[in-house]
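Listed next: structures, encoded as structure tokens.
One chain, chain A, links the two complexes that follow: it is found with chain B in the first and with chain C in the second.
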Partner chain A sequence: MKTLYAEGDSILHRASARSKLVGLLLAGILTFLVTSIPLLIGLLVASALLLLSTRLGLKDLLRRLVPLAVTISILCGLTMLLQTVETGIISLLRLTLLLLVSTAVTATTAISDVMDEITAAATPLERLGLLRAADIGLAIGLVIRFVPEVAERYEVLRDAHTARGIRPKTLSLLVPLIILTLRDADEIAAAIDARGVRR
Partner chain B sequence: MDIRFEDAEVRFAGRTVLLPVRLDLTERRIGIIGLNGSGKTTFARLINGLVRPSKGRILVDGLDVTAEPDAVRRQVGYIFQNPQNQIILPIVRDDIALGLKNSRLPKGEIEFRVQAMLERLSIGELGGRRAHELSGGELQLAALAAILVTEPRLLILDEPTNQLDLRNRNRVLQTITSLPQQLIVITHDLGLLDGFDRVLLFDQGRLVGDGVPADVIAQYEALAA
Partner chain C sequence: MATKDIVLAALFAAIIILLGIVPAISLGFIPVPVTAQSLGVMLAGAVLGAKRGVMATLLVMLIAAIGMPILAGGRGGIGVFMAPTTGYLIGWAFAAAVTGYLAERLITPEQTGLTQIVYFFIASVIGGIVVLYALGITWVAFFTGIGLSKAFLGSLIFIPGDILKAGIAALAGRAVMVGYPLLPQRA
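After this line comes the complex of A and B, so read on.
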């Protein structure tokens, strides 16, 4: 399985996982409190510089950003059509800013560190008997782990269609992609049981 | 360990996948063979509760697998047919450490045990590598390390040399045969069963052979002819 984490020695790589996750949370809150377009543009430039400081290659950056950037563009385009142009632009700036910051965090933080921090953050809830903290950490870690896996699976299916002379269409790829992803999820669940990770 | 099948049967979607089995497994090296779809994996998965019996029960050292799966899994490690499905975290070292996270061991102790396990299997250089970059043999050894680090008393391996080239096959085989644990190995690689104490043969969901390797392998070859 591939990983969103990219090894490196940037300032963000060296920062603790906790500080990065808290920073991401604060960036998310701040972004939705700001309504000024010039200020959002300033924050967007800052987040772009933050992402560039991770020293990811251009190809790697595009691979990470393009799929979500397309989705964000569609969403914001619809917002502009259905509401106002200004609302659409604000949404575009907010979501793009979050995309850049979260990409910087996931590229510089190993999944196991994210899981440890989420588990630590959820521990007070475990003490109240509400949940098992390790389960929350594991669940979020698995979601992050599956992102590149699903993207890779999509590429394999697209290549398989092309190899058989069938023009790949999103809908015809979606059904096998969902089935294969669910099958993989079953296997991972079996592996978690077999390895006693949730004891 | 003493593994006891008491008329364990598995039915799935109205079809009997495994007909009732009644036997005791106490030997140190046990092989399971049979044609594809004969029920080998279902039989093995019953031992650590990955598959539940529709009827009957399985006892591992007196523990009912259905009633106490966690207690059984602490002692029974299972290596999947495809090690890709076994590895949960992308970095080898993180994945091996995952099995120890619930042990409440200090972080330093977990790191020490992970490194010791990597070195024991002579794969110390793989610790920082990403699982998707490993060769088939390396992946199999990484999956093995992730299970062995939890110190199971019994290890079940589902076709451990499947899809490996000769060099990797020999490397994995050498590692497996040197393990002190009790082993149950599902395999199509009949040469792997040299020196085993007992071999079980399955056909169409039924246990049809049970004995020393030479006899059961001969029976299998006749069946497959």
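After this line comes the complex of A and C, so read on.
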């Protein structure tokens, strides 16, 4: 499967995943404490420079930024119209800033590194007996392993519909897809237990 | 937690992800294509029950967070948790929890098919629309400063599509229960 990580050797690429994630969290909190427009503009420029320092290509940058930028523009435009212009501008600056910083973090942090941080963050929950941290990695691995399989099954079902002259509809595809997919659960669970993956 | 529960949640998460990849449902009579991913969330609760349904939605969120573009429209990365629409994403876990909880309690095997479909529909509407929108609207309102009442009015245009999805979820949820019952039934 495709990922949003882009290989490189910029300063952000070399920074540890934990520092980047904590930094992003702090940026998120701080941004909402700042209410001065000039200061927000300054921070926005700084975050744009941060994103540029990852040396992503222009096309790649646009592909990452445009979808959310559209949502943000619409919502902030509405805020300007419905509330005050100032409120709209402040939220536009804040949300764009966060979009730039989080895009930079996503592009420079490998999936395995984020996974390690998530497992580490889950360890306190493990001590409370709520879950086993190792299960998170196992479950995510299972999902990634089974998406292509489910997609293939979906196509087979769609072709089966077409072959019989039935227009494929969401409902008539979804029911067999769910039943066929979930029916494998027993075998997969047995295979996992037989290999002693979970102690 | 039994291994089978983890596997079921993971398989359903894969189904939710697929629903974000396949072309959106075209309904014919509504011009806007409806993305099927939130249908998957209602179904996660209706088919698997509250606990495993929540696990499935949390897995989808985690996989998006670690940087895979698996949300509808190819979105992903940690940024989706710092966006104006994040409430609708985090709300998935609550939607699946409420849909699943209601389905577990309202539906019994002795009921007629129609009763079961109606109950599945009620569970999907309360979980997948009332609860999800409550979180989504509150988040949008505070994140953009647009105000609660205006955020509420703006989101009304999405309600008809979601009611339709609740209908599909009810029919599909009941059909899956007949074919392969998994819902932990409670008296």
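Assume the second predicted complex is superposed on the first by the 129 of 199 C-alpha atoms of A that agree within 3 Å, B and C clash if a C-alpha of one lies under 4 Å from a C-alpha of the other, contacts with A are read in each partner's own complex, and residues count from 1 in each chain.
Note that in this section contacts are C-beta pairs under 8 Å (C-beta built on N, C-alpha and C of every residue); 3 or more make two chains touch, one makes a residue touch a chain.
Just so it is clear, the structure is predicted and the values come from calculations on it, not from any experiment.
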Contacts of A:L142 with chain B and chain C, given as first, second, both or neither: both
Chain B versus chain C as contact partner of A:D193, first or second or both or neither: both
Which of chain B and chain C A:A134 touches, first, second, both or neither: first
Dominant contact partner of chain A by residue count, chain C or chain B: C
Which superposed partner A:L52 touches (first chain B, second chain C, both, neither): neither
First, second, both or neither for A:P67, with chain B first and chain C second: second
A:I111 touches, of chain B and chain C: first, second, both or neither? both
Chain B versus chain C as contact partner of A:T79, first or second or both or neither: second
Chain A residues contacted in one complex by chain B, in the other by chain C: 1-3, 5, 111, 142, 184, 188, 192-193, 198
Residue ranges of chain C touching chain A (in the complex, touch as defined): 1-4, 6-15, 17-18, 21-22, 25, 36, 39, 43, 47, 55, 59-60, 62-63, 65-70, 73-85, 140, 143-147, 150, 154, 168, 171-172, 175-176, 179-180, 182
Contact footprint of chain C on chain A as seen in their complex: 1-5, 21, 24, 28, 64, 67-68, 71-72, 75-76, 78-79, 82-83, 87-88, 90-91, 95, 98-99, 102-103, 105-107, 109, 111, 114-115, 118, 131-132, 135-136, 138-140, 142-144, 146-147, 149-151, 154, 170-171, 174-175, 177-179, 181-186, 188-189, 192-193, 198
Interface residues, chain A side, partner chain B - complex: 1-3, 5, 110-112, 134, 141-142, 145, 184, 187-188, 190-199
Chain B residues touching chain A - in the complex, by the definition given at the top: 48-50, 69-70, 73-74, 77-78, 80, 82, 84-91, 94, 97-99, 101-102, 130-132, 146-147, 150
